[in-house]
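Reviewing the structure listed below.
Chain nomenclature is as follows: A, B, C and D, assigned in order of appearance, with residue numbering initiated at 1 for each chain independently.
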C-alpha cells in the first residue's frame, strides 16, 4: 500500500491518431506527456486511460484506485457514455479530484459537475496569452511568477458559463482584447474540481515549465482528504444524536 | 405588456390527491396556497403547473413567459421527463429564477443545477426548528426577525451535498441536535437559484407569515436582470474586438 | 418622508481646485458630475460632501440620512480623520451602502472595510481598457453590453490585494498586458460595498454612458435592506430563546 | 534550516495568573497546552509569546520566523498595541497564517483582518455544543467524525459579524437554540486566516482529541505557500510587460 497520489490521465486520444501535426507535438499522446512529467515527482504515480478502451478505461477498479483524474477531450465529448459519467461524478463526490484541461470545458463530466453550459468565446489566431496569478496564497500558485506568457494559443474569452468558483487562481489576458477566468477551483461533495484553461493539441503547451508546475500543484491540491461522511448518493433517515431527546 | 414578475408555481400534486391529511392542510394543493399568497402582491402575477399536465405544464410557451419558477416535488421526482428538465435548465441559465422548496432538494432540476447529490439527513419527529438569519443585508432577509420558529417540522441535517452557496442566508437549528444550511442562493448563467428548506405536506408551514415573507422576497430577488449575453448553450467563434489587431 | 435612495457623493475635491486640466473636465468637481447624473433618476436624491468641510461633510446627521455613500479620493487619503472613518465603518455595518471609485482603493475607509492593503500595479500611459461583464445576472450588470471600452485610462493591474469578492461583476483588459478585477461586490455586516475601477481626474470617464449605468445600478444594489439585527458593534449576552431550557 | 512549520502560540496569559479555576485547568497556560499538543507532531515546531513580554513577544525577529500564529485573548484586547497589530497584519498579508480561537473574535488583529465588528451573541450556561463538519473535503476536516460534542461550553450565537468565509468548515448547534459558523477560513493577501469557535478558559476543551485535530489540521492548512508577489503594502508603478507596446 502506497502513500503516493494515484493519478489517472484520461485522453480522448483521437487527434494524435488522425492529425500528423498533433502527433508531431505529442508523439505519445497528450496523456503520455502529462503522465510523463507528473511521474517525475516522487509522490505521484500515474496511469492513463483513453476513450476507445473498454469502459473508456475507467472501470470500477480503475476509478476506485484513482485519487486524481485528469481529463482531456475535444472532438468526441458525445461518445463518452452517460453511465461512465455517472460513475465518475459519484467518485468525485466521494472524494476523488478532477482536473479538467482546455477543451475539456465542454466534456460531459465537467458540465455535469458544474450544472451550467460551460460555454465561452473562442478564436484560433495563434495569439499571445498572459496568465496572471490572482490568489497568490493558493496552493496551486506555488512556485509561480506573478504572470507568465503562453506565446501562441487558442483564445478562450468571457463569458465563461460556470458557477462562481470557490477560488479564482488565474486570470488570462489575450492579445486580441479578451480576458478569461483561467484557473478555477471548486469543492464538490467530498471531492475537488480544478479547471485550467491553457493547452492545445498543436501547441507544445504541456512542455512549458509553468504549465507543468500548475498541473502538478493542482494534483496535490485535489488529492482526497480523509474526512467524514460516506455514500453521499443516499439521504439516510437518522435518529437524534444519543444525548438529545426530541419531544414537544 | 406587464412589468409584473411572472411566477409559475409547479407542484407534483400527488400527495394532495391521495392523502387526506395533506388535502386537509392544502385543499387547493401546495401550489394553490403558494400562488394565493404570492398573488396578493401588486408586483407579482402567478400561474400554476403540475406533473400530470401535458409536458408537466411546462410548455415552451409557459417557460418563455415565466420569470421565476417555484418547484415543489416529493414522491415522483423520477417521473419528471429529462427533456423537460433540459429545457428548464436552459431557461434558468438564460435568466429565469428557480426557487426550490423542501423535498425538492432531490428533484431532477435541482440536482442538475447543483451538479451534486443534494443528499442530506432526515427525521420525521415533528420537532421544533429555529431558523436564523445569517446574512442580514441580503434582499431575501428583508422584513424578517433575527430568528423564527417552525413549531413542528421534518428535520433535514448536514451534510447537505450542495456546492458552496454564493450567499448563505439562513441556518436552521433542530431540537434533535442537527443544523442545516436552510436558505442558499446561487447565480447560474444569467439566472438565479434559491433553495429554501422549510415546508412539509402535512404541516401548515406555507401559511406561516415568515415563510411567506421569505418566498416573496426570493421571488423578487430571483426575477431576471436584463444583462448581456444570449444563448449560453453555444460557444461562438469570434473575431477580435474591432480596435485590436492580433498578430505574431 | 421619502422612499427615494439618499446618496451622498463624497469627494476629496483637491485636484479640481489646483489642476486646471482637472477643472476643465470636471468644472463642478467629480462629485458634482456624479451627483448630476444620479439625480436624473426619479428614485434617487443626492447631496455632496467634501474633505475640507467640517467633519469632512460627514456629520452624524448626514450619515444617518445617507443610504449609499460614494467615495472619490486620491491625493489626500491621509487627511481623512480616523474618527470619521470609524463612524462611516459603523454606518456601513449597520446597513449603508458604500461605492468606492478608482483611486479610492487606497482610501482609509476602503482599506478598513477590506482588512487588506488594497494595493495594485498602475501605469499612466493613456492606454485602452476593455471591461467585460462576468456575472451577467448580477443587478449591477443590468442594461450593459457584453463589454465596453474606456478609450484612455490609467492602468490598474493585478495583484489587487482585496478579499475574495462575494461577487465578481467586471474584469478589465488593458492594452499593455494586464488584467484586473474591476467590479467587486461585498456584503459586510448589514451593509454592502462595491468597488469600481474606472475613473480618472483628467479623463471624461464619468460622462460615459456605460460608466453612469454601472454606478446607477450599484446605487440601487447597495441601498439598505430592512433586515434584522441592530447595533452590531456590541456582543450581547442573551438568555436562551423562550421555548428552550438549558440544563446539564 | 528546517522544513518544519514554525508556530508561535500567543496568549494574553492573564486569566491563568489571577483565576485559580483557570490555572487548575491550564497550569502552563492555554498557550502551554496548545504548544504541547502541536509539538508532538514531527512537522511542527512551536514557541510561545504573551502580552506582558516586550512587544508582546512579537518582535520583528519572532514574526519573521513564524509561519503560523495562533491567537488567544479575552480580557485585555485593548492592551495590545496598535503598532504590533500593524506588523502582524502585514506579516499575514505577506504569507503568515493566523489561527484565532474562541474569545479572540474580539481581538484587534481579527477585527482588523475582517474589517467588521466580529460581534456575536453569547451565554455562559455550561450547555452542550455539537459541531458539524459542513465541508468534508476541506483539509481542516481531515480525520474528523461527522460531528462531535463539546459537553460544556460558553455559547456563541449568530449573527456573527464576519465577512462571508472563503470556506465554511464547521457549524455549531447549541442546546439553548442557537447556531454558529464555528470554523471559517479566509485567504487574505498571500496569507490565510482561520477562526475556530470552541475553547474556554475554565473548560478542558484544548485537551479534547477532536479539538486538537482541528487545530493541527488548521496549522498545516495555514502554513505559507511560496507564491508570487512581495511587499503588498506598496502599489508599484510598472511598465508594460516587455512584449507589449502601449500606444494610441
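Criterion: a contact is a pair of C-beta atoms (placed from the backbone, for glycine too) under 8 Å apart; a residue touches a chain by one contact, two chains touch by 3 or more.
Keep in mind that this is a model prediction, so the values were computed, not measured.
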Would you pick out the chains that touch subunit A and also touch subunit B? C, D
For the two copies subunit C and subunit B, is the contact made of the same residues on each side, with over half of the numbers shared, or of different residues? same
Pair with more cross-chain C-beta pairs in contact, given C-D and A-D: C-D
Chain centre separation in whole Å, for subunit C relative to subunit A (CA means): 37
Suppose each chain is reduced to the average of its Cα coordinates; what separation in Å results between subunit A and subunit D? 32
Subunit A: positions in contact with at least two other chains: 130, 133, 135-136, 146, 157, 159, 164, 166-167, 177-178, 187-189, 228-229, 241, 243
Sites on subunit A touched by subunit B in the complex: 89, 93, 106, 112-117, 119-123, 125-127, 152, 157, 159, 161, 163-164, 166, 175-178, 186-189, 228-229, 232-241, 243-244, 246-248
Using the touch rule from the top, collect the residues of subunit A that touch subunit C in their complex. 130, 132-136, 146, 157-160, 164, 167-168, 171-174, 177-179, 181
Residue numbers of subunit B touching subunit C in their complex, please. 95, 128, 130, 133, 135-139, 141-147, 149, 166-167, 187-192, 224-229, 241, 243
